[in-house]
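To start, I am sharing the structure in question, which I have written as structure tokens.
Read from first to last, the chains carry the letters A, B, C and D; within each, the first residue is number 1.
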Amino acid sequence: MKFKINSELEYNVLSASTMIFNIHALRTLNQTVLEESLIVNPDIRVEEFTSSNSANRFMRLQIDKPMQLKVSYKATVDTQYKLIDERQEAKTVPVVKMDGDIIQFLFPSRYCQSDKLQRLAYKEFGQIENLYSKVLAINDWIYSNIEYVSGSTDSHTSAYDTITERVGVCRDFAHLGIALCRALSIPARYFTGYAFKLNPPDFHACFEAYIGGNWILFDPTKLAPVNGLVKIATGRDAADAAVATFFGNVRCSRLNVECDTTDSGFVPLNYSTEKLEGVSYQ
Amino acid sequence: MKFKINSELEYNVLSASTMIFNIHALRTLNQTVLEESLIVNPDIRVEEFTSSNSANRFMRLQIDKPMQLKVSYKATVDTQYKLIDERQEAKTVPVVKMDGDIIQFLFPSRYCQSDKLQRLAYKEFGQIENLYSKVLAINDWIYSNIEYVSGSTDSHTSAYDTITERVGVCRDFAHLGIALCRALSIPARYFTGYAFKLNPPDFHACFEAYIGGNWILFDPTKLAPVNGLVKIATGRDAADAAVATFFGNVRCSRLNVECDTTDSGFVPLNYSTEKLEGVSYQ
Amino acid sequence: MKFKINSELEYNVLSASTMIFNIHALRTLNQTVLEESLIVNPDIRVEEFTSSNSANRFMRLQIDKPMQLKVSYKATVDTQYKLIDERQEAKTVPVVKMDGDIIQFLFPSRYCQSDKLQRLAYKEFGQIENLYSKVLAINDWIYSNIEYVSGSTDSHTSAYDTITERVGVCRDFAHLGIALCRALSIPARYFTGYAFKLNPPDFHACFEAYIGGNWILFDPTKLAPVNGLVKIATGRDAADAAVATFFGNVRCSRLNVECDTTDSGFVPLNYSTEKLEGVSYQ
Amino acid sequence: MKFKINSELEYNVLSASTMIFNIHALRTLNQTVLEESLIVNPDIRVEEFTSSNSANRFMRLQIDKPMQLKVSYKATVDTQYKLIDERQEAKTVPVVKMDGDIIQFLFPSRYCQSDKLQRLAYKEFGQIENLYSKVLAINDWIYSNIEYVSGSTDSHTSAYDTITERVGVCRDFAHLGIALCRALSIPARYFTGYAFKLNPPDFHACFEAYIGGNWILFDPTKLAPVNGLVKIATGRDAADAAVATFFGNVRCSRLNVECDTTDSGFVPLNYSTEKLEGVSYQ
């Protein structure tokens, strides 16, 4: 499926600052960036970089004096996903056989304090046998119990807050999903991306759970079809995969994000408890 | 310098459990494991594994029924360190030039909520220019202001707790050091190891700050000489580098750790504010 | 109903200390202290005192040097309670008509952060109309979802912790009940007392909710019959009604508490969702 | 000293709501309300009430349907204060001799978790002998270390947050002062009032510490002279003495508060470490 992405970000840079962005569409076996362009105005040197523990495409800029900065990224991306019948496959990979790179996603992280949620998670979801059904129950519980309120939380908010205060945005929904999975010894990671016709238009955050050897996508906000995502990054939580990180005094003054498909036959897919199918972008 | 390590761990395994250990001495350019032995009793199959984002040597075991388990690790390790004159070198590597693998150590993590400590860190340490002196001031502040009390904290305790409650063990001291460094945009990571004649005998936790392109070791407990350490692992915090992680019901019933040098000429080194020297194990 | 109380407390006083106790049976219209005795050994002067905002019977002692202290309180108490049919009466007293002394029990307190639990409380219990049924649902939810584990929490633990970590003792169960009631604008207060044949033997903590003009007792631990209590104190939370408060270095070395009835016809009463009856000690 | 007070509050009441206000000048031996007027528009019945544990003058209104509400309170108040030489008098009243009504101000409360700040408070302030000097050091420490930023915190923010995050408004400054005093076994309470020419114009919050038998006023914001205050209320913290509390959906749309003296000879007074003088309004 081909998606057209357009994101425009404007910043009021108030002091000399280093800015790190993570807005490029990821390149994977199943996701091909057909074309892309990045315009920074004024024309400041941008350096792309990665780290050895992920393929996430970061870029960084050094701003030496106060200014207005505009970043514009456009891309056309071809995304494939696997649709997995989870009736048979939804089995746990035992920790003792798990790939060494997966194990880190079992551990608590800044925004996902799974170590504090173990009794709660076992009480609410421990009795569900099929692993996919278990994570789907977590996903539906979050959707039903957490109120989505724009602007209700900030960059310090974590799953430990959200489980009690019961309000948040997509980032908080994803963090809570991850924390509950890890509390049940299910590897889970943070997923950021562009989402088909997301309203209000913004970057989106979801989570992936490791089920039967595949990373399966879940979106507890239910704001976009699970097959309508273009992956930007994955990480342990938003600390690893923030859209923008600033060292300096920077304010966002405008944000516009669009994601639409150019294919006519796009059929939005949503999970249901009857049809146990999982979407994996790998 | 050659160190002889001996660690004996005994566990009461109460249910079928997976156990992950991280007690092997690390192999690096500057640390050579001359000989080592691992005995598990009863004789259960142990698998060593690593992950792509570190050289930490993990091992895992699957225990299928309740039992007493004894793990005994012995090694002789030759450790070299660089002693760096920090009067000249203690400069910041700008974020914009930092290696992509270093940048993750600027971000908050489970036990090091640096995002919440920025005003405090700038107020207390922001005016110190030399980067090594700044981290040394953090190290000395922790030593002076946090009370070391065995058993006072647990695996949920984080830097956010410790900065206020002012009590903890080596793990908590290290987490607070890391959080304060990251709050000041200094990369910092968790370090576990064996420490020369540590009393009470146990595994030790310290932290490393990234100064002038080197990882410099700091030990805010001041319980061991900074040149008397054998590295086991580094990570973002104790979530990445726990000595032992259990999936199941396991209680530690006995712990004995020894670390002594076999060389006669070992001169313990400690930092001072007069002599700006930093120890780097790399 | 007549109850015989016997409590023996032993302390290791390690430094000069002031000790405040709140272990005397309360005197109310419905609770008569038929006889009581207090023995302190060694024979240190004890002063009883009260404050203007409650009838709680505090006593205090000044210990000038390290010693072993033994406090022994015995009493025979005649307790009456009202059994209220809550099918008709379980109505809210509107805040605008509430007695000025009741209103404080609507506000958050140290261990009952009701301000942070509003969405959760409305989501879980908001739709229940009858006020008694609503509090009974809270009581049953706590009983079903929080694990009672002796020694699992300490004097810093609050409802905000317990709602997530799902473990605690009677004090924590009571705090959570209070916090959830206040979050729903139902006045609620902390209740300490002696409980009929409580096992393990200890002081007990419950909570009272203000329903239809009466303070109705609830015990989310379900460890004692609701008609088997002798009231010691009420307050906003454990900060107001702690059994013992120390200014100095004091360790409890032994605690023995007994509460039995001398009447033959005692019929233990427990709440049920079918029979809407509430117990009020006033 | 005579002060003229004028406060105008406008609210957008979005649902049927009960509103409680605490904006009337307190009547005490040393504070005489010479004249006052309250206008509510539309003309809704207002009931004044008090509780038995304070003289605070609360009023409450029942709003039955959505509306704009305007509350206007004007008063002329004659305030006397005692100026106490704290070189001699600044002695601790031992807990064992303290009036029963004072003791509650030693205990932790919702926004003042003094139980968690004991080590920190002893480390920072424990060695100062004179009690007034000790509280003045707390006051100055807060002034120097906490950044005053309008709008930076909300009604959930507590001293436990502020001691670490180092930012807040007058309410947060007062809560931290109270928590640090109580951590050192000094009774302390929350004080709200009108402050002489406060800029930005608003209600003000300070704290009082119990020193040598007097309640001495401290203002860690240093935004108003300590002799320029008209007391509205005291309480354990903002939970007891909030300017406005709503049960329902209410938004404040405008706030204007003025406080000026009508006397020509007003000499603003501020504390200094040289001149040990304390202001007590009783």
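As a working rule, a residue touches a chain if its C-beta (ideal position, glycine included) is under 8 Å from a C-beta of that chain, and two chains touch if they have at least 3 such contacts.
Because the structure is a prediction, the values reported are computed rather than measured.
Colleague: Hey, what chains does chain C share as contacts with chain D?
Modeller: Both-contact set = empty.
Colleague: Can you work out the whole-Å distance between the CA centroids of chain B and chain C?
Modeller: 45
Colleague: So the centre of each chain is just the mean of its C-alpha atoms; given that, what is the distance between chain A and chain B in Å?
Modeller: Chain centres of chain A and chain B, defined by C-alpha means, are spaced 31 Å apart.
Colleague: Mind pulling the residue numbers of chain D that touch at least two other chains?
Modeller: Touching at least two other chains: 116.
Colleague: Sort out which chains touch which and give me every pair.
Modeller: Here the touching chain pairs work out to A-B, A-C, B-D, C-D.
Colleague: Which part of chain D faces chain B closely enough to touch in the complex?
Modeller: 116-117, 119-120, 123, 145, 147, 160, 163-167
Colleague: Looking at the complex, which residues from chain D come into contact with chain C?
Modeller: So the residues of chain D touching chain C come out as 18, 20, 47, 49-53, 58, 60-62, 94-96, 100-101, 103-104, 107-110, 112-113, 115-116, 155-156, 185, 239-240, 245, 247.
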